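This report refers to the structure that appears directly beneath it.
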Amino acid sequence: MTESLVFLNGRMVPESQASLRIYDMGIVLGATTTEMTRTFRQRPFRLLDHLGRLYRSLRYMNVDPGLSREEMERVSEELVAHNAGLLRADQELGLIHFVTPGEVKTYAGSAAGQAEPSRPTVCIHTFPLPLHMWAHFFREGVHVVTPSIRHVPPQCVDPKMKNRSRMHWFLADRETRLVDPKATTLLLDLEGNITETSGANFLLVRDGRVLSPTLRNILPGVSRQVVIELCDRLGIAFAERDLQVHDVVNADEAFLSTTPYCMAPCTKINGLTIGDGKPGPVFNRLMAAWSDLAGVDIVAQVLESRAG
Amino acid sequence: MTESLVFLNGRMVPESQASLRIYDMGIVLGATTTEMTRTFRQRPFRLLDHLGRLYRSLRYMNVDPGLSREEMERVSEELVAHNAGLLRADQELGLIHFVTPGEVKTYAGSAAGQAEPSRPTVCIHTFPLPLHMWAHFFREGVHVVTPSIRHVPPQCVDPKMKNRSRMHWFLADRETRLVDPKATTLLLDLEGNITETSGANFLLVRDGRVLSPTLRNILPGVSRQVVIELCDRLGIAFAERDLQVHDVVNADEAFLSTTPYCMAPCTKINGLTIGDGKPGPVFNRLMAAWSDLAGVDIVAQVLESRAG
Amino acid sequence: MTESLVFLNGRMVPESQASLRIYDMGIVLGATTTEMTRTFRQRPFRLLDHLGRLYRSLRYMNVDPGLSREEMERVSEELVAHNAGLLRADQELGLIHFVTPGEVKTYAGSAAGQAEPSRPTVCIHTFPLPLHMWAHFFREGVHVVTPSIRHVPPQCVDPKMKNRSRMHWFLADRETRLVDPKATTLLLDLEGNITETSGANFLLVRDGRVLSPTLRNILPGVSRQVVIELCDRLGIAFAERDLQVHDVVNADEAFLSTTPYCMAPCTKINGLTIGDGKPGPVFNRLMAAWSDLAGVDIVAQVLESRAG
Amino acid sequence: MTESLVFLNGRMVPESQASLRIYDMGIVLGATTTEMTRTFRQRPFRLLDHLGRLYRSLRYMNVDPGLSREEMERVSEELVAHNAGLLRADQELGLIHFVTPGEVKTYAGSAAGQAEPSRPTVCIHTFPLPLHMWAHFFREGVHVVTPSIRHVPPQCVDPKMKNRSRMHWFLADRETRLVDPKATTLLLDLEGNITETSGANFLLVRDGRVLSPTLRNILPGVSRQVVIELCDRLGIAFAERDLQVHDVVNADEAFLSTTPYCMAPCTKINGLTIGDGKPGPVFNRLMAAWSDLAGVDIVAQVLESRAG
Amino acid sequence: MTESLVFLNGRMVPESQASLRIYDMGIVLGATTTEMTRTFRQRPFRLLDHLGRLYRSLRYMNVDPGLSREEMERVSEELVAHNAGLLRADQELGLIHFVTPGEVKTYAGSAAGQAEPSRPTVCIHTFPLPLHMWAHFFREGVHVVTPSIRHVPPQCVDPKMKNRSRMHWFLADRETRLVDPKATTLLLDLEGNITETSGANFLLVRDGRVLSPTLRNILPGVSRQVVIELCDRLGIAFAERDLQVHDVVNADEAFLSTTPYCMAPCTKINGLTIGDGKPGPVFNRLMAAWSDLAGVDIVAQVLESRAG
Amino acid sequence: MTESLVFLNGRMVPESQASLRIYDMGIVLGATTTEMTRTFRQRPFRLLDHLGRLYRSLRYMNVDPGLSREEMERVSEELVAHNAGLLRADQELGLIHFVTPGEVKTYAGSAAGQAEPSRPTVCIHTFPLPLHMWAHFFREGVHVVTPSIRHVPPQCVDPKMKNRSRMHWFLADRETRLVDPKATTLLLDLEGNITETSGANFLLVRDGRVLSPTLRNILPGVSRQVVIELCDRLGIAFAERDLQVHDVVNADEAFLSTTPYCMAPCTKINGLTIGDGKPGPVFNRLMAAWSDLAGVDIVAQVLESRAG
């Protein structure tokens, strides 16, 4: 069989049949929590960290997915094993988990604010990582742009829960593409502090130290946590503080940390070059250490990849 | 044939087959705009107003649904005509429109902030209004509760666009149900002003005048617009201003305006009785005028309805 | 008998014996709501308006004073009648109402957030208005100063409820007196808008119109309501809007409205002269109309008064 | 003699006669600063720390209490010695200090923003700690609830000064009791950060570290300082940062620190269980160390206490 | 003589010699207030309105320019008369007034916060209006862009005073030009409301009404005032309210009002077309009425102008 | 020759001829970045640090001054050498750098938001430090006052860039002088946190530690950096956090760090004495260490100086 499987509500189904009824609260409310894990050598990387965060998000939403974390882990491993079997040896998988509170029982109830969900919807699926699409990140670096739209503050939806009520990202991305069609949105918070991109944490380097926005307004990224561990191992100081665009413009280096490609140098902000516009020495040391950890030369894997 | 139809991406499909693939941006990002219209005597009420707002939202999102407003209207009328034929004569329909930007082309692209949508997803569907579920609104009134979670501010996602990135409503509803399982969430904005409930506009009456929050933080509801027109016809003053909980506690009356049941008296806030705890004279005059307009005794229809 | 009486918890007591036990929540928490009414010709002015607001505040606090509004009115009238009998004919009374939730049952309970009050404390008392102390307001006008301390926002304590948690006024007054020992504090809100003084509403005149801050951040003063009525009678437009210091500096006139002396010209802000530094024509017209309403020449009464 | 004494304005008076005249600014303005100390084995614990903070508050208010800190200490010790003599041996005392700016000289002056206080009011009193009332804190833990009302920000009244303008706590407690009559209010600040409860500091444990809100919005509690010292002694890391409800929901442990019962496990927030819903190992270690420090098994004392 | 004159500190000097010493507070602090007036048929338009606002700004700054408003008017008229004599008949003049507090007496004093200015600097100068540069505004309309930088709030510098501390505009313009080199910056305020462009007020049309941001965050423009008068004359409703980008995207029309070219249609915001992307009927009616008022066909004058 | 030289746009000119044309954007927009360096023994102190910050500011503004940092350094040294030759041996120089984007090409373009600058204006000049004016800082200490005006937030203009859009400082200073004509303005930010004075960083000492506001809202001062280095050398802890007025009132010491006089004790805030009102031991140790570093007894130099 040549089709990937998807775990959906307790069953393995072919990817082509993986869909949600239009009454699902993931569609009706965007009330979905999610995670993305990637493989190295086709084995999931830090899967337990991702599932730990998923269950923290579910606890915050007060949603019981009906599977224990251990069961979720087992199913995830099975799914990766199966779907990886359909890949070329040089490919990797992205692994997505998402959970919604289930379907609205009476549709109009929702309109009246009385939505009573059914059993939660649990979905796990994979896709081949489009490694070739990221080559330009390592060659030229990422251009981040701060649009006028601000990040949703934690007293509305806490970004520490990875969730899919992301209309503000959609609207912000449209603004960002006006500046540069290949740029990435970096949202400011309501006070004008740097937060994160839609898929990555943002970090900068000043005087040899890695600086991060505080956790108030950002996802506590699993990849960011890897960076913290690698900094510790390499003797690089890591600190959190409120950062503004001025800090980025005058940083020695800046980079993103994220599941799909681990890290990427960030070389421009709002059209201004950061540092000398090239991946910096701290980035390179961290990336090399990460490649060691993963057992894969991450940059080479991307630069040598081809479209699937 | 006894199954309702759903309009989905250009085709009429049986309701049981109406689902979205898990790559749809409505699921991945909650980047969905939506409308809900209801029927009176099984004919849509103010459909053009709802479609007008839908197309304003699409313009704001910069999404072209691929159908003109006129085509959308025609399809909606057809759908209502067909599905109403499956109802008892005393039933009414809710009519939902929703549009998403379509599917993510490369899934992981989304994680990298580079989501490029395909053709937008357009869905129109209906459901029988659960009129009997609202009887207690007319008998006892609605109890609104202001939880600690605040409404998303317009510099993040403008609530003037009806959209489905509604995680904050889901989280807030959980808090509200701790106070009273039957209560309705009334969100405050970041400055502590009254905004709206998840499915209705909030209005109060003081010294014979109907007062509404300003449009800064709320949906410009079609039903709210009907209230404005009816106020004008009945010689009742209508004004917008920032309102706080203190205003509600000390209002003469308060009520909700919303598509499914038009209006409902709001008789309690945070456990405190508003006015004398009964539907007030201004509410009653407006509701009577609306019934005239609709050609249906709206309250009687609800009170006499039975579960479908 | 020559001593004033005080109504305290159902009994009339001599003023010298009017005190609260140190366990009263008025002392422990400042959780007190209050009103001040004055007399003209020794009869209370707008007593019903003040009692109406008192009962709105009690409803907001969810405190039942144990007396109906009608009983409170009757007792107040009795008290004024008795205590006015001790005055010279040219004197007037101030009449204070205040209500606290009563005493803490177990003191340390309060420290643990479990304060359970006993029966509410209800107190009504009077004092001779120190009319002579206000002569300089009519001769020179009031100097308002905006200190660095900001008004408590309505999402903490709504200033529409007249209450005695007023530490911010105490601290702000200290700052104000550094500028001018005779100046009056005019607090800004968190956004820098003009709000009110500790005892009066603030109003200004521009192009013949009286402008007031919006009701979001201020007490809806009974005297301010009188000004609105007088404006209506005199054909002077009255409007509410957000006002800043710049508006005051460039106003044609500014004035306070307040129970004790009804109105006072405000002729300086932060050391800058407003208008020509004299009571303006709109102030004078309104004051004359108020004197008509009260049956007393209010300014003359103050200017001719002598210390009691 | 069987009645406790109260120190009031320079004199020792029987508790039953301890009251303030209704013109005291503690009643009129809530302009009171206060402290609460408790005894262990009927001797005051950390009295000097409490008096140090009292005098810092007085300096901030610019009020001179007329007694030096040393005199205040001596009187406090005397009072405790006398009043403890009236207790059973297994009882403890709470010791309250409060200071107000004194009485308003001319009542109506206050209404005009010209309040000139007389000599400050200084009061010191005691009460038997109701130890038995806290048993459920140690058995079940505290349920904290975040109501919609927000903490007063430091640019209005700085919570670093313990003060009695606490109407917002009174209003917030009413909301909290709607969720759970035994719950404790945990206020958020205007940005949605965790602050404190009305009588305690809030702390959580994550990955073995004790985390506290920053000092921006909270009382720098004497008991919190004890926790810091005990953490230092036990080799437990302690750090300050902005914390949100999401952090609490996903903490390993949470607890309160406060004078009356030193510490209490916090096992629920907004109806969600924290950790495993039981006092955690860090709490237990700290509590044991505190008992050592105090020479009293604090938990046992509470669990074995009986109503006085 | 062929050189324009400049009025500088009491003397008429040739334009080529009009400069400020580097110790002027206009250079050192940007502490400058300014006005710009234009001519029609080479006569100043609404000069008194501009001077009125200039003197209000000076009052707010507490700076006495040393000339009365009448003297300033007379000098301005003389200057225009002289400099207009150097123009072609089809040209118009811009007339600039600016006043600074003068020179710092001791330079380093400024660094220590002790700047004591000398006599204020008063400058009046003119320049030929570059009418031809604005043709594209009338042909294609203005494209406004909302950058991430926000307008300075009135509690820092009140924008009701036209002033030259405009670094935020400089920084914002750089962001705007990334989107479109010909676009105009439209700043949002800290809450995400529309304010103004660097040189114009922003207005929109919805349902036949002209809507403006409130005066809280914007210059009360003299041209905006002309629009209000023309609306009144033409029976077009004019109202102020908080407006957001969503309102602009969905407006029927939008336009700028400003001294140099009076009004210009605004046809795009953030790359989205407003209305049908053409000057709308309300704009056209107002512009025609303005041309009547000015005695000049304003649009034709621009479209037919040629570079000077 | 006895006149100081000024470097202006590539040329050395006599000070009396150093002026900017009225079309310079430094005058029109206040769009100027600046630095101030001082000499010790007539040699520039930390010139490279100041130039480093100047070039960071220019990068943020995207302005290329046309000189490399090395050239700027060389010219600065030359200028100091020349101008110091005109001084008495006991005098020191202040050295100012400022850069503007140049002149507006078409004046009215600016009014239309289309300002296109010419070549940047680069100016370097000096002045004799008025050492004698600061004697009272060392004798009595500085009195800081927090006026009602707030510091411009970094999402408008980032104070990490030293710039000359300083109208808010001008307005705030006027308020401050009402309290005390010799006082220095200490601005609060929008949340009420301490920021900085117009020419100095603010620091306080508590429990032996030096505490500073965070870098969010303040200039990262070169002198502040010297303090950090000296603290490190002397074993004094240095930490950043949000500080409020309450922290200052109750600090053990407070002081300013600034280029002209390095440090000054701050002994009063809003009329309240800080610590014992005298320079404290931490200040004295730091100042002594700084004198060592500079090779000049800084305090003695000031106290023994005479007017130039």
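By letter and in written order, the chains are A, B, C, D, E and F; residue numbering begins at 1 in each of them.
We take it that contacts are C-beta pairs under 8 Å (C-beta built on N, C-alpha and C of every residue); 3 or more make two chains touch, one makes a residue touch a chain.
Being a predicted model, the structure only gives us computed values, none of them experimental.
Peer 1: Can you give the shortest number of steps from subunit E to subunit F, where adjacent chains in the path must touch?
Peer 2: Minimum number of steps from subunit E to subunit F: 1.
Peer 1: State which chains count as neighbours of subunit D and simultaneously of subunit F.
Peer 2: Output, common partners of subunit D and subunit F: A, C.
Peer 1: Tell me, please, which chain's centre (mean of its C-alpha atoms) is farthest from the centre of subunit D?
Peer 2: E
Peer 1: Determine how many degrees of rotation, between 0 and 180 and to the nearest 5, align the Cα atoms of subunit C with the equivalent atoms in subunit D.
Peer 2: Answer in degrees: 180, to the nearest 5.
Peer 1: Just give me the whole-number Å value for how far the CA centre of subunit A lies from that of subunit D.
Peer 2: Whole-Å distance between the two chain centres: 43.
Peer 1: What whole-number Å value describes the gap between the mean CA coordinates of subunit B and subunit F?
Peer 2: 56
Peer 1: In subunit B, what residues contact two or more other chains?
Peer 2: Answer for subunit B, listing residues that touch two or more other chains: 60, 62, 148, 150, 153, 155, 174, 188, 190, 192, 245, 271.
Peer 1: Which chains touch, pair by pair?
Peer 2: Every pair of chains in contact is listed here: A-B, A-D, A-E, A-F, B-C, B-D, B-E, C-D, C-E, C-F, D-F, E-F.
Peer 1: Residues of subunit E touching subunit A in their complex?
Peer 2: 145-148, 150, 174-175, 178-180, 188, 190, 192, 245, 270-271
Peer 1: Enumerate the contact residues on subunit F facing subunit D in the complex.
Peer 2: That would be residues 188, 191-193, 241-242, 244-247, 249-250, 271-272 of subunit F.
Peer 1: Can you list the residues on subunit B that touch subunit A in the complex?
Peer 2: 6, 8, 18-22, 24-32, 36, 60-62, 94, 96, 98, 101, 106-115, 123, 125, 127, 129-130, 133-134, 148-153, 155-157, 163-171, 173-174, 182, 184-185, 190, 197-200, 258-261
Peer 1: Write out the stretch or stretches of subunit F touching subunit A in their complex.
Peer 2: Touching subunit A: residues 56, 59-60, 62, 153-155, 158, 160-161, 214-216 of subunit F.
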